[in-house]
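Have a look at these structures, which come just after this line.
Look for chain A in each of the two complexes below; its partner is chain B in the first and chain C in the second.
Presenting the complex of A and B:
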C-alpha cells in the first residue's frame, strides 16, 4: 500500500515536472524572460560600472554583493556547526595519531604529491587573483587550496599537514571572508556611497577605476583564504574525531 | 557531434545517479558520485558556465568526496538493510 502511494506520488511529480519543462522557453531564445529584464543592463553597463572584464565576477561581487555576503556567512556558519559538534584541538597542540590504514602510502605516491601540491596551490593563487578577468574567483581558488591540502592530508596523515598549517594560522584566517566583505562594505559607506559600494563617490573620478579594481581583488583574496581555511578545518576536525592519541610531542 | 555528446552526457548522468543511489557499498557510491560531479562539470562547461564548472570540479569531485570518504572511514562501509 505504502509503495503504491509513493509510486503514484512520484508519477504525479514526474508528470508535473515534465509539463513545466515542456513549457520552458528553448535554450538560447533571445525573447526568454531571463534575457529581457535585467541581463541586458548587466551586459551593457558591467564593464563601465564594475571595471571587471569578467561580467560574472562583476555581478557576483558588485550587483549582487548582498547575496555573496550571505553565502560567505553560510559557509562560515557550516564551519561553526562542525566545530560545535566535533570540537577543536587544544590551543597550540599538534597530536599524532595511530595509523589505522591497512595500506601504507608508497614512496612513489608521496613523491608525486610532494611534486604536484605546490603547482596546485600556484594554480589556485592564479584563480583567485585572476578572478575578475577570467573564469574563477575567490571561492573556486579557495576550494582548490582546500583540495590540495586534502590530497596532502590523505597521503601524509594529519600530523604532517597540521604542522604545515597549524591552528595559529587557521584561526584568524577562517573568518577572513566575512570580515573582508564587511570591511569593504563599510569602507564604501566611509567613501560616501551605500553599503558595499565599490566606487567611492567622494574621490576623484580618475581614481575610481583603480579603487574598484583593488577592492574587488581584496575581497577575492579574503574569500579565497577564508574558504580554504574553512575546508581544511572541517577536514581536520572530521579526521580527528574518535582517533586515539598515540604520541603527544 | 554536439547533440550526440549532450545525449551521452545526460545518459551517463542518469546512470551514475541511479547507481550511486542503489549501491549498497557506500564507498562505491561515493566514488560514483564523484564521477557524477565530473560529468556535471563537463555539462556546465558545455552550457558555457566555466565558473560553475570550476566550482563543481573542485568542490563536488574533490572536497565533498574526501569528506564522505572520511565519514565512511569513521563509521561503516556497508549500508544496513
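Presenting the complex of A and C:
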C-alpha cells in the first residue's frame, strides 16, 4: 500500500519535473541564459584578476572566498559533530582491536596496498599544488589522501594506520583549513584591503601577482591538509573496535 | 523534441526520483542514506549538465584557450562546494546511525519506531505507578 502510494507520488513528481525539463533551453547552447550574465566576465577577466589560469580555482578561492570559507567551516563542524557523537579513538581500545582482529588480509593485498599508497599520496600532493593551473585543488587532494588512508585502514587495521598518522599529528592539523583561510583573510586586511583580499593594495603593483599566487597556493595547501585530516579522523572514530561483530538481521 | 535533446536533464530527474523512492520505501536507515546520496548526485549531475556546452573545453586558460569556447565554470565551482557539504552531511548522519545501532541493535526504521513507542509507554506506566 505504502509502496503504491509512494510510486504514485513519485510518478506525479516525475511528470512535473519532466514537464519543466521539456521547457528548458536546449542543452549545450552557447546562448543559453546560464551563460549570458556573469559567466563571460569570469571567463574573460578571471586570469587577470585572480592570477589563476584555472577559472574554477579563481572563482572558489577568490570571487567566492567567503562561500568556501563557510564550506571549510562546515566540514570542520561535521568532524566536531562526529567526535561529539562517537568520541575519538582511544589508545587502549586500539591495542585491543589489534589483538582481536580475526580477519587477516592476504599477502598479495597487503603488498599491493603498501606499494600503491605512496603513489596515491604523491598524486594528491600534485593535485593540491597544481590546483590553480590544472584540474584539482585542496578539497580534491584532501579527499584523495583520505581515500588512500581508507584503503590502508581496511587492509591493515586501525592500529597500523593510527601508528602512521598518530593523533598527536592530526589534532593540530584538523583545523588548518579554517585557520589558513582566516589568516589569509586577516592578512588581506593588514595589507590594506577588505577581509580575504588577495591583492594587497599597500604593496607595489608589480609584486601583487606573486603575492596572489602564493596566497592561493597557501590556502590550497591548508584546505588539502585540513580536509585530509578531517576525513581520516572521521574514519578512525567511526571504526568499531571489534568486540561486537555486527549481525545484520 | 526538446526532451530528447535534454536527455541529461531527464536522466538527472529520473535519478532524483529513484533516490527519493529509496528514501521513502526502504526501511533500513543506511539504504535511506544511500538514497539521499543518489538524490544529491542527481542534483550535482543536473548542475554540471547546465554548464555543458557543445564542443566546449575546460575553463583553464592555458595554451591560448579561447574564453568563448569554455564551458560554464560557475556550476562546477558550486558543485565542488556541494560535494564537500554532502560528504559532511553523510559523515554526520552515518555516525548518528552508528550510535542508533549501538543503542537499539537494529537499523530497521519500523523496529526503531516500535521500540520508541514501547519505551514511551513503559515510562508512562512507571509514571502512573509512581
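Basically, the second predicted complex is superposed on the first by the 217 of 249 C-alpha atoms of A that agree within 3 Å, B and C clash if a C-alpha of one lies under 4 Å from a C-alpha of the other, contacts with A are read in each partner's own complex, and residues count from 1 in each chain.
Assume contacts are C-beta pairs under 8 Å (C-beta built on N, C-alpha and C of every residue); 3 or more make two chains touch, one makes a residue touch a chain.
Here the structure is a predicted model, which means the values were calculated and not measured.
K.L.:
Look at where chain B and chain C land on chain A after superposing the complexes, then choose clash or fit.
P.N.:
Here chain B and chain C can both sit on chain A without a clash.
K.L.:
Tell me which partner A:23 touches in the superposition: chain B (first), chain C (second), both or neither.
P.N.:
A:23: touches chain C, not chain B.
K.L.:
Check the residue A:238 against both partner chains and state whether it touches chain B (first), chain C (second), both, or neither.
P.N.:
It touches chain B and chain C both.
K.L.:
Based on the superposed arrangement, let me know which partner A:150 touches: chain B (first), chain C (second), both, or neither?
P.N.:
A:150: touches chain B, not chain C.
K.L.:
Contacts for A:190 in the overlay, against chain B (first) and chain C (second): which applies, first, second, both or neither?
P.N.:
Neither chain B nor chain C is touched by A:190.
K.L.:
Check the residue A:205 against both partner chains and state whether it touches chain B (first), chain C (second), both, or neither.
P.N.:
The answer is neither, since A:205 touches no partner chain.
K.L.:
Is chain A touched at more residues by chain B or by chain C?
P.N.:
C
K.L.:
Where does A:139 make contact in the superposed view: on chain B (first), on chain C (second), on both, or on neither?
P.N.:
In the superposed model, A:139 contacts both chain B and chain C.
K.L.:
After lining up the shared chain so the two structures overlap, which partner does A:127 touch, if you call chain B first and chain C second: first, second, both or neither?
P.N.:
Touch status of A:127: first partner only.
K.L.:
Where does A:56 make contact in the superposed view: on chain B (first), on chain C (second), on both, or on neither?
P.N.:
Touch status of A:56: both partners.
K.L.:
How many Å separate the nearest C-alpha atoms of chain B and chain C in the overlaid structures?
P.N.:
Here the least C-alpha separation of chain B and chain C stands at 5 Å.
K.L.:
Across the two complexes, what residues of chain A are contacted by chain B and by chain C?
P.N.:
After superposing on chain A, chain A residues 56, 135, 137, 139, 143, 231, 234, 238 contact both chain B and chain C.
K.L.:
Where on chain B does chain A make contact in their complex?
P.N.:
The contact residues of chain B facing chain A are 50-51, 53-55, 58-59, 62-63, 66-67, 70-71, 74.
K.L.:
Along chain A, where are the residues that touch chain B in the complex?
P.N.:
56, 127, 135-137, 139-140, 143-144, 146-147, 150, 154, 231, 234-235, 238-239, 241-242
K.L.:
Within their complex, state which residues of chain A touch chain C.
P.N.:
Going through chain A, the ones touching chain C are 2-3, 6-7, 9-10, 13-14, 17-18, 21-24, 26-30, 34-35, 38-40, 42-44, 46-47, 53-56, 59-60, 64, 67-68, 71, 74-75, 77-79, 81-82, 85-86, 133-135, 137, 139, 143, 227, 231, 234, 237-238, 240, 246, 248-249.
K.L.:
Touching residues of chain C toward chain A in the complex: what are they?
P.N.:
Against chain A, chain C makes touches at 1-3, 5-6, 8-10, 13-14, 16-17, 20-21, 24-25, 49-54, 56, 58-62, 67-68, 70, 72-77, 80-81, 83-85, 87-89, 91-92, 94-96, 98-99, 101, 106-108.
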